[in-house]
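Look for chain A in each of the two complexes below; its partner is chain B in the first and chain C in the second.
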Partner chain A sequence: MASDDRTLTPYNVLPNRQEASLLVVGAEGVGKHDLSLAVLKIPVQFSLQIRTASSLPLPTENADLRPRIDFICFIMSMTDRESIQVVEKSLSLVDVKYFLGRACLVVTGVHSHKKMTDLDQVTALADSFNLPLVFGEVKSEKERDQLARRILTMTEVAAGFKNHVSPLLVESTRLVTTS
Partner chain B sequence: MTSSREGDGTDQPGEVTEFTENPDSETAESISTLKAACEKTWADVKQTQEQLRQCQQPQSTAHFSEQQPLLAILREKERRLRAEIQVAKESRAHTLPNDTEVVAAALNGELQKKVSQLRETKSLITAQLQELQASIEKEKQFEQQLKAVHDKLQEKCQALEAQEPAEDALEAVAQELETKINAAQKTEQTVMKKMAAFVGKHFPVPEQAQASRSSKELRPRRHQTSQETLPLKDILLELMTKCVESPNDPYMALDERHWPAYVELLLRCNIVLQHPDDDRRIKLVPFHL
Partner chain C sequence: MEVEKAVVKSVISKCRIRDIELLLRKWGWFSDEDIKKLNFKATKKEIASQIVGLCQDMGLKQEIGDLDLLCTQLHSSSRKWTVLKLKGCQPKTDLDPQELQDRLLALLEPESIYSVVNVKSYAGATWIRLYRLEAVPYRATDVVYILAYPHTPFLITCRMKVKMQEMLYSVLLEVFEAEEIKELQLTGHHLPSLADLALQQTSQGPFHAYRDKEEDENPLVSSKSHKKKASAEAKEREIDLRLQDEHQAEKKRRQDRLDSTFGSHTQPTLEKLEYKLDLRFRGTTFAPGMKGRREVFRCRVKFEGPSVLEGTKNLGKTGLATLPMPRHLARVHSLAKNHFTIAEMDSSKKSSSK
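This part shows the complex of A and B:
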């Protein structure tokens, strides 16, 4: 089916040694570049590549040159309904295997007054895809660094740099509240 | 070591880099053995990848029912967990090659890592300890302050209980007020009497002839005598009553009974004021304000 070519799969390409790759998906203006720069500032032993996309599916021109995506980070803002729609659409174009601990949902703008959506909606979305939910504000530097650190640790686990720890192991220790 | 991850080449390249610092013939041998092992593992990885690619079918969550992507995810999770458990059971422990150099280097690296980690922990813990001590000190001071306040309050409570009951105090205050009122009333009466006497003596009732003369009538009217002109005392009394009793309407309307001379006198002495719109009305100047 045509959609098969467009879905992202984690095991297409061989992993490169000492390299990890992170994909950040989110609508325009949600803070992808700021977050990526913050993640890159943290010193690590391997070389980290961050790619940003404003929506999936990824364009097919560079499909061959793209390395294996270890971790996908969906960013959305509670003040921007469009970003939520973009994320919802992209979620269905990602292979199932990414939801076993290789993806997460970052939500910004929780403290703002102009919220366009409910917190319930956001948690429902995260629960329906079993995504770990991370709240943070990309605009404030301290929160941005904390957010970057969390995403980096998740990426490291997903890329296999932590011995004996697989993303599924981390995922299964996550607290899931059933409604 | 086989892990659930598809490839694992990250351990051994790290060890190789440590060796390049002391080139030696023995170490050269160890290096070559390590390199061979590395390459073998990498070949395994590639083979596994090929196998994976062949039997792989990318499924997006949209393939399953739209309302329940969670179902597909959980199913996939179950499969993978089973696989990981199986791999963990079957995998044997990874042993380093028997080469002493390799073993020594590996151990050295591990020890250094542990030492640096422990150093970090130590600094962290000392910082926490200091913070805790500072907070303990603060809490102790706070406790002392609160104790002092508590003691003072208790003293005050006891002092209040030892005093006479409050009911008598109220009665005493009431008594005082009553005496004050009586004294004030007495003074008022004496003052009024004195004033009346003074005014009556120096400002008598004008005779009818004078009153009729000042009015500009050519023929004295018969009805003029029906109302007698008021003595100044009465005018003053009425003004004062009006001023005190009805402060929102202190104006008194002037009549024929009021001798205009007296009115003029009061006006000139700034005792009364005329109403701004109506000349016939006058009010007492509020001296008490």
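This part shows the complex of A and C:
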């Protein structure tokens, strides 16, 4: 039973066999749709469902049909201040259990000239929530495919499709540099 | 002849080289053999001088004005147009082009102001081109173009010299048998949109659906293309079944709201939307220091872009603007205006905003 109806928890819905579900959260125009299509193009042995949202909390009208969210991918762009604000707001509405290897932060626009924020702020945000940081450009096809593969492997681990590997194992072996 | 040379040069420089042949064929004063003789692979200067030579041989002078008019009809977006309205008991705008030309010449020639008058029909309007022959050197900005829509009291003109404007208005009033010319605050570069906004003022926005669709599309042809579009969309959707948007219902509601305010078709193109505010300062919640002021705070708000109305619609679609849209933005398509002046509500005057 969730304490607060607005937070997203991983264990209040039972998982379905051979099914995994990924939630992509990011502001409008940051590339969620393109990235999701790239992830879906990769052939997998299970059925993958992707849901995109432009902000949390998720609308309650879909709550009944929503499957268990295995992995959350937050996308933000360094050129769009609003996308950063959206991600910061949504991070506080997610249950703590998701931050143990079931979430990641994708940052685009690192090489752009019109950056609205520092790399330090981004790394600070990732560190405070213990999120693995992934950099990539959704607009370039090669980088988009690489991003898609990384997110897919993380989703597979989170959904339990990799034998003997659990998200907590990956999380504990992750190299974290303390500044 | 200098003037004719300059006119041909300006026409050729405006068009693309591959369009020049089409233009000359449409003009119709050169035979097929003449056009074949011209070398279209040369530079524009040489093409222009070839055409001038041909015109001199054929003795064409007045007709070069027709060529210029034709070029402007095809490249109308390079000029800035304003819309005028004729007021009176029954302004007569359904004149025959030839009759209109004769009438205008009769009125303008004695005053030797505009001595070259070309009148042609194109795209449902009568186009008039006026130029002063004695004015040397030729300046493309000295030419005046006027469009008259038959059976409507609307005229569209380009920019003209201020001293000519008064005289020209009086001539137009006489020719069209009207009492007064009123300048609608509607300007822009895209002629068809201006005409659309002025002529179809009452059937804009959501009422566009009730317009007579015969002029837009042939119902026998469009049904085939609809089938093709539907199958292409279905193929795209196959992958999309695994991809779901959480906010789909909200997006649909937002789109419905926008469709009910703006209509579902593309909006007419306006490049500029200007609001002149002559009010006392109203933002005292954000600037409490301005509370005591009584004097008028003048400010101007400009919306500029390739298509301002489409842009405001997109603002609502992406969620950057809260819906329902404020009425002053939502009703722009039905007001036939670009420039709004919002003044203080005065009890002595009838209305607060013109």
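The criterion applied here is as follows: the second predicted complex is superposed on the first by the 176 of 179 C-alpha atoms of A that agree within 3 Å, B and C clash if a C-alpha of one lies under 4 Å from a C-alpha of the other, contacts with A are read in each partner's own complex, and residues count from 1 in each chain.
Everything below uses one rule, namely that a contact is a pair of C-beta atoms (placed from the backbone, for glycine too) under 8 Å apart; a residue touches a chain by one contact, two chains touch by 3 or more.
Predicted, not measured: the structure shown is a model, and the values here were computed from it.
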Fit or clash - chain C, chain B, common chain A: fit
Which superposed partner A:L37 touches (first chain B, second chain C, both, neither): second
Chain A-centred angle between chain C and chain B, computed on Cα centres after superposition, in steps of 10 °: 70
Which of chain B and chain C A:S172 touches, first, second, both or neither: first
Contacts of A:K114 with chain B and chain C, given as first, second, both or neither: neither
Which partner, chain B or chain C, touches more chain A residues: B
Chain B versus chain C as contact partner of A:K142, first or second or both or neither: neither
First, second, both or neither for A:Q49, with chain B first and chain C second: second
First (chain B), second (chain C), both or neither touched by A:L100: first
Chain B versus chain C as contact partner of A:G29, first or second or both or neither: second
Minimum distance between Cα atoms of chain B and chain C in the superposition (Å): 21
Residue numbers on chain A that touch chain C, as the complex places them: 28-29, 33, 36-37, 40-41, 47-54, 58-59, 61-62
In the complex, chain A residues that touch chain B: 3-4, 7, 9, 11-12, 14-15, 17-18, 91-97, 99-100, 127-130, 160-161, 163-164, 166, 168-169, 171-172
Chain B residues within the chain A interface of the complex: 3-11, 13, 45-46, 49, 52-53, 56-62, 66, 68-70, 72-74, 76-77, 80-81, 84
Chain A contact footprint on chain C (complex, rising order): 239, 242-247, 249-250, 318-319
